[in-house]
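Below: a set of structures, written as structure tokens.
Both complexes below contain chain A, partnered by chain B and then by chain C.
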Partner chain A sequence: MAESIYRALRDGALEGELAPALTIKDSVASPFALQVFSHVISQLFSSILAGKSQSRGLVVVSFSRSPSFYLDLLKNKGTDVASSNKQIQILDCYSDPLGWKDQLAGSRNFTALSNEAMVSSNAIVFREVKHMDKLYNSIIELGKGLVGGGKIRFSIAIDSADEMLRHAPVSSVARLLSNLRSHDQISSIFWLLHSDLHEARVTAVLEYLSSIVASLEPSHQLANGQRGDLENFSLIKHNSKKGKFHVRFKKRNGRSEEVHIEQSGINFASLPSEGAINQGLVPKVQFSLQLSEKERIDKANVVLPFEHQGNGKPIQIYDGRRSLVDSKHERPVSAVENVQTNENCGSGEIIYYRDSDDEMPDSDEDPDDDLDI
Partner chain B sequence: MAAAKTRTSTFSRNLSTAPPSHGPGLKCGPNGTVFLSSGIPDLDKILGGGFPLGSLVMVMEDAEAPHHMLLLRNFMAQGLVLGQHLLYSSPARDPRGFLGTLPSPAASKDDKSRERDPDQEKGLRIAWQYKKYFGENQLDGQRDGKHEYSNEFDLRKPLERHFINGPRIDCVSIQDSDLSTLRDRCATFLSQFPRNDGSISCAGRIAIQSFCAPQCAYSNMEWDMLSFIRSLKSMVRSSNSVAIVTFPPSLLSPSFCKRWQHMADTLLSVKAIQDEDKELAQLLTGYQDMVGFLNVHKVARINTQVPVILEATTFSIKLQKRRYLVLECLNQAPVDGSSGTSYGTSGGCSSSSKTGNLDF
Partner chain C sequence: MNQRSSNLLDEALGLDQVIEPWPLRGRVVAIEDQVETSGSFVLHHLLKRSLSPNSSNVTIFIAFSQPFSHYDRILRKLGCNLVSQRDNSRFFFFDMLKLQCPDGDEGITPEGGLIALYGKIHKTISALPEISWKNVSIIIDDLSLMEVAANGSSDYVLDFLHYCRTLTSEFDCSLITLNHEDIYSSEDRPTFFIQMEYLADILIKAEPLATGLATDVHGQVPKCYSCFIVG
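Up next, the complex of A and B:
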């Protein structure tokens, strides 16, 4: 449930353990990560303001959106940002990440844009995104500025990890995130990731570094090829509003938990999880009590050696004692029936030798019927 | 009367050379190998005695679960308790912090069971006359011997400070250092335990945690990491020590993952368990207590070409009373759902201490 994510981030880190880290991952088929991210930020911030969470401040490291986006977002959700200077700070890596404006200003007396000043009470511009250790120091400084030193913790939201990976190699980003997680004053940390933009290894690295992975999947997988275009189109339309929210928790005791939620807009409605067992997990034990599909088909195809198969037709079973002439006549009859049922039969055969010719074929009568119990 | 025969057969063993006596924590095994304990008694039994000196153990982690840390903790604590030297390296900035989480040896449960025995004996004297043949002395010898070689660790009790602060521990952080520094540190550490014929005074243990973790600067240099592992393996083989390297296979490319697995003398892997997996719960007994799975892929065989074929390669990791790590064979659930027996207590009349067991 989205509730459990919120609870995990709110409860934060225990003494001596790494802070919980959440990756919000999406793909082109279901591109709702930003909405989820905004939802998580606003929920966490309101709990910080209410004092219900372990962390006392929030640092937003914003690469892909302007700081005013976040301030407006929080204002729309009803939280009063102007008076909450002490609870939120934004590290602005969006306006001038590589320090070009400074260089331009220096060389041509270019006046900087004035709208930066409007948000300066909450946002600080950071100009050296290529240096992850400087970014680390700035984040920690900003956080300490919010909550002071000592034991008080703060949370970090990174929007987005993709942009960080554009500027710095994976190992530096990984080092930054793991050092942040192991810092004493960090309560929780979460980031956004668009999985289509990266190689599989990079996504695997970020999932390795996080303790909760929330991935957004389309609620209906689009089929390739066979389906007509009309069907695909309606699925795409459907996917543009709804998606599956799939969360994986890495618990402390080593058990992992999976949750599926259907999501439309930003309301999370719980969906019964399919609980598909991962066949790879179950080791090969000596005997299996389930039949595979092929085994089931074969089982259905076996002709049992009862003369009465229960389907209303009498059946003749080849019985070793009849003469060849008779059996030849009978063969076509039984062969026809057999062919119908045994088309896919493998090599299994049941051969039944009749005890004597006097034996009556199996009948429906129950010999116990005349018992009076 | 013929002279009293000292030999029962015409073949007699030539015991002119006494077997070399080894330091604490070492046990002689077949084919001239010497074992040291992994810190988990069940794992020692599965592997046929322990980790042979000179072998490289690799553990494949599961990114979802920290079970490899359990294996490492027991391994390191066992070495410290027995006075063996330890080199620990991890991708954290301060690896010493991990030493604080090492477990302490469990208080001997045998004392408690000893007190119970006389009372039980009186009641069962008629039925169980053969108890005298089991011999308290035999159990004694076994128990003391066991404690010199391996201990059960109580994961809830931290190891005493004096073990951790001793001079026998060296820690390296691999986050900032590069592979050649790490290789030099390993080489200097291993030079303390050269292998020569004769008795071994002390053994060394190397524990490298999460070797290809993404924080390390060299983590994308796959060939360099592979050549490090190869040189580590050769250094370890010519010294009296055992090295454990854990790594998350999901962060390596598949071909390198295979190469690393081939490098190992003993290959283990740990896997997480899904919580609330109803199908798995129906399939296996004792699902609720399981923390994870341990797979044994390869067992080291030094000085012999005969491979070890295990009865079972997958074991469930359980924490008994939340303190003691036990490994159990997986049992499919019979109709009544009784739980399986620990690998350590094999069959016989000793039943495992779990409730709901059928006693025949």
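Up next, the complex of A and C:
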């Protein structure tokens, strides 16, 4: 599933269609959205450098991490960031998002540091995060600065949508994202979101704007209000390194994968069967909660005492009296219900006598359907 | 028991080895507590470790909860003289007990409110020699009272905390905060509280024992690391 995401972002937008948009969603119980986001950035950027993606540049809009975090991330993946400033630019909404440093410098209560004033060739500081229109213009300008005008496209990574939603109403944020998706120079766009910071409707708005939603869930759900309980601590520790990664594409349903967070990076693996996961959670009691193989076979062989078995074959139940219709199609009958399909079946017998010939055979209809309460 | 639990805490935070450079540099540490079990002892312990005579660490203490005399009294019992540390410019105490942000402008003016406090912290750290920057700890006691001082505007407090966090990137210093879990437990969606959990690299929770009160054991402190290591 993770591969499908990379492919979708790499292949980018079709002419005349909206750019693919990915929401990476997590919660406090499984807070790995940043790791997944960073992983997607490094994968996409590698494709851009190798010329394998539709997009020719990447604009990272960073709210919750400093630009140097992303530059170090790419450097550690082996990318020569210094020479790739024509392929990546960072709109720095982290260092001074509200212009406080500017205001303080103006009132002489502040000394800007010399290294702070240094403008990195890869990052531009943005100081008006409450104004989504200005943010939109800055993103587009930065992207066009990377790839030029015309038909060449670039991708956008936003970290994070939560900060945008904190500074601006959801309608403005939705408009920004929608306009970005519709811009004919945007190849793909993705953002991260902490779902427990917002009302359900806000999360829903962002999901509606996405063509792909990747959710991170804990491997083991904890009971409410028991996060600090020491008995759950081993589960918390387990959840701190692993989680479930579920991806949903607009056009089709995705599958779930397991995600492992390690010091060296992130790994995705198919989920083992549910039984194996839950094995450790089955309580140890003195009676057996599972069925053995023989019991399972015997259970499958039990014939239910209904007139039909749901397999499309009509079953005749002898009711002890021959009706006029049946007498024409006489066949050897016995006083035993003739519904046994398996000759090796056990010795159960059901003898059923109808009350009258007028009685209709049992049907699936609910006899109370015509009640009008 | 206190001595042993202090050592376990030190071990968990990497404070049992050398403390220079400060092991928590560049990190945000959030301490969460409840009425039944106060987390202040963790703050006091970290303050004592930071001001250890074997190091040249500097602490900037932002107090919304108690006056200087309260911390001085407690740290004396732990063997640390805050007055002399303050005189030696190793301990900076910002008394915020009387801070009341002006209504309505939410600190738009840099003269008052949390913007000015941020400016003061930045100026204090900048004035230190560059080599000391990564040994600086900013301690805030506590966030719920900061929210009160900001007239209940949690957004304004979050903005301030964001700027404090930029200090950890800029100077490689550490930020240690204390917040009370049960104040927010009645909310359907305790956004401010959860925001702090996302912001923190290290989360320390002080909570009562499942078995209830005891005379010699006051509570338990599970610690969760949430640390993204690049490389």
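Observations on the structure shown:
One rule holds in what follows: the second predicted complex is superposed on the first by the 241 of 373 C-alpha atoms of A that agree within 3 Å, B and C clash if a C-alpha of one lies under 4 Å from a C-alpha of the other, contacts with A are read in each partner's own complex, and residues count from 1 in each chain.
FYI, contacts are C-beta pairs under 8 Å (C-beta built on N, C-alpha and C of every residue); 3 or more make two chains touch, one makes a residue touch a chain.
Nothing here was measured: the structure is a model prediction, and the numbers come from that model.
Once the two complexes are overlaid on the shared chain, A:A174 sits against chain B while remaining clear of chain C.
When both complexes are overlaid on chain A, the residue A:S95 reaches chain C alone and has no touch with chain B.
Once the two complexes are laid over each other on the shared chain, residue contacts for A:L34 go to chain C alone; chain B is not touched. When both complexes are overlaid on chain A, the residue A:V205 reaches chain B alone and has no touch with chain C.
The residues of chain A shared by its contacts with chain B and with chain C come to none at all. Across the complex, chain C meets chain A through its residues 110-111, 115-116, 118-120, 122-123, 126, 155, 158-159, 162-163, 166, 169-170, 189, 191, 194-195, 197-198, 205, 207, 210, 220, 222, 224-226, 228-231. Those residues of chain B lying in contact with chain A across their complex are 63-67, 91-93, 97, 100, 175, 213-217, 219-220, 248, 250-251, 253, 271-280, 283, 291-293, 295, 313-314, 317, 330, 332.
Across the complex, chain C is touched by residues 28, 31, 34-35, 38, 66, 68-69, 72-73, 76, 94-98, 100, 103-104, 106-107, 109-111, 113, 116, 166, 194, 196-199, 228-231, 233, 236, 240, 263 of chain A. Contact residues on chain A toward chain B in their complex (touch as defined above): 16, 169-171, 174-175, 178-179, 182, 201, 204-205, 207-209, 248, 250-258, 275, 277-278, 281-287, 289.
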